[in-house]
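Order as written gives the chain letters A, B and C; numbering starts at 1 within each chain.
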């Protein structure tokens, strides 16, 4: 395997609030190669979005990266000066958010916004910027792109706005795209269109993609590998199909069993009891232990990340390995 | 349906744009002012039997929430009427029954933030004489227990609860009115996956124990399949397909239903399988100016000349099965 | 553990701002001494028997014939200014609070009613209020005081009429926003009686912006009262408010007897600034955009 595009090593992002230190991300490590798609899965408060923001150095106070390293194309992003990071951001690494309104300025035409985004990273000239803008808009499936350059964000539908946001992210052919729940707010039919576009984009452009989502189904149809987060840590990671077919961590198992699509209609779903813990008062050991059917005294100690070939898990009592013990 | 419990008869709900005083002057002066009327719900008839759960599925803007609000008595229909057990839901523009209660999508918005949840739950029953001031405490406790919460929570405020707990409180508030029927508008859409399962299980339990009739509004086909006996598919204000859930999912009788089912991402468990999405072409047209004829014809792979001109009526295309497609019934694939 | 009730949380946050806390202390102190004026003041400045003309227009620190120090000096009639200010504060606060409360009740009822009823009535009421807001409050109060004549009740009527529109506008805006929320829809679908929806759900949730307006409007009412009294169309001479004290001393300003006007003026400014600081803090706390 070639050297990874992105190496995240023991990343910790903490928020220093009045109520205490919120360890939103606490010791997250993963690698991503060129052209690879990773699904980062978790529920609200799991730290999946903060992980995405941390990679780009976009964590706002009172939050900051407390420790760890993020190496991207051989450079460490954590120790990088903000000005250097800005040169990278939007050019080599781009991000798409759940709400395209975060990226799009409502009072500027999209053509103008794309021109500014291009000029910020040295692409200048009326002809060049226009041609590039039309090209990426067409690429993400916006019909009649040349004419639509003069339109304002509100003149697009929700799905089209998200496409425009994706197009802006693609302007500089980034090596890595981080997408934070980009289809959650969209209707299923529009989501399906965007997922299809995303798949084609990754295949054609050789871009690496981190797809942050709470939806196992979209991740399973898109990602080569998956990382499941719970309370700021990755509890399980590995090739998507293998993890979902045969989860090691009881939390992953629980998430899968919670899906109505996998149950017999009308039957009670296998539910995970309780609710996600407050990041302010995490138990000393495994954070999932209070909700876990397999938990025992051993779980009072934080389990180490165990690696078995391509897969990793962080559990004292992993599933699917009983034969060995 | 012979023993219809909920009857929705030819209900339409139109929204006129708010024309301000300034706009009216502008219109006088020859300015173009948008006064087009939105047909959010366009001549919908449905009936639900006692104890049955009907799913109402569609994408945003299809009118499913508006229809739900008409059934729950929050919005008066522009024409048509709804009744529960022969009793009209509204009369004279006011809700006159307590038999139908509603549960909303966002449990962070549906509870009054300045009221203890016990008071929120007790308020309706007190106003309608279902309990007394002296017994309210026990009454509230009973319903909190029913939805799986500690009765001691009654003295807390909404902000002290998680999303899942708030949704349980909202359900307790609805149940405390001792309704026969619940209108649930996307009640699990804003919850985390693991919490979703808990609330779905709660609905299953409530149906079993209280024999509740339910109108379950959702965009999530998986949740509807799990909870509902029958399903109605809505597109731009009209029902396009109606039937037993299993049958509809197995063999859709409308191209839109088929397209929706194809759009749902499925859990892929095989290595290296490249799932191909079959997305519906195009976008939902504006409900302000829906296409003539069949509303779906612009995006439909089967659209023909007839679909552009003639509105297809919802008609029987099989056993307990209705479809509003000129070409239905379709042979099972 | 976070405090439970919204009021307790509000207070916990309020306490964090030292400036606001100090301002609140000033307001409370001023209300306190105004209420207790007969006990605190060294002299009843309006009991003519107490007045000694020989003591008139004495500077601060003068020990008068009463045997006590006039710490703020005396006015043209020989009144102890400190005592006069305390009594004046009393009348100013009384006017401000009564007029503010009347305006609050009338304005909020109109605003909430309009928002709840909707339709033509809403449009009519709000247009009338908009029309009134086009005129400066001081002009309206001036015209009304002149028309109604002097007297406490007349004056309160004029102040109320000049101010209720601000409450109506704010209440209407807040209520219209609340009306569309799910918890109001939930109340309507129960169904709860209309009055219960308005008073138990809409009103409590509209209170934060209304309290902000109320503090500012009480300060405005006090200022308005002082202005009108200064101009001589306000309260009758038998009710000497701070404005009238300033007015009375004004003619002596140029003759070097600054204290007769300046000290009541300072009291007025301190009161209005303190009320506004409290109002600012409340506004910051209820504005969700400034929430951390």
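Note that contacts are C-beta pairs under 8 Å (C-beta built on N, C-alpha and C of every residue); 3 or more make two chains touch, one makes a residue touch a chain.
The shown structure was predicted, so the numbers you read here are calculated from the model rather than taken from an experiment.
Asks: Across all chain pairs, which one has the most C-beta contacts?
Replies: A-B
Asks: Compute per-chain Cα centres, compare each with the mean of all protein Cα atoms, and return the closest chain.
Replies: B
Asks: Counting in whole Å, what is the centre-to-centre distance of subunit A and subunit B, each centre being its mean C-alpha position?
Replies: 31
Asks: Nearest whole angstrom, what separates the Cα centre of subunit B from the Cα centre of subunit C?
Replies: 50
Asks: Could you grab the centroid distance between subunit A and subunit C? Build each centroid from C-alpha atoms only and quote it in angstrom.
Replies: 54
Asks: Could you say which residues in subunit C touch two or more other chains, in rising order?
Replies: none
Asks: Quick one: in the complex, what on subunit A touches subunit B?
Replies: 43-44, 157-160, 187-193, 195-196, 199, 214-218, 220-221, 239-242, 244-245, 254-263, 265-273, 275-276
Asks: Subunit C touches which residues of subunit B in the complex?
Replies: Where subunit B meets subunit C, its residues are 21, 69, 72-74, 94-95, 98, 100-102, 104-106, 109-115, 123-124, 127-128, 155-157, 160, 170, 173, 177.
Asks: Using the touch definition from the top, list the residues of subunit B that touch subunit A in their complex.
Replies: 59-60, 162, 164-165, 192-198, 200-201, 204-205, 219, 221-223, 225-227, 245-246, 259-260, 262-280, 283-284
Asks: Can you list the subunit C residues touching subunit B in their complex?
Replies: 2, 4-6, 123, 127, 181-183, 185-193, 196, 200-201, 204-205
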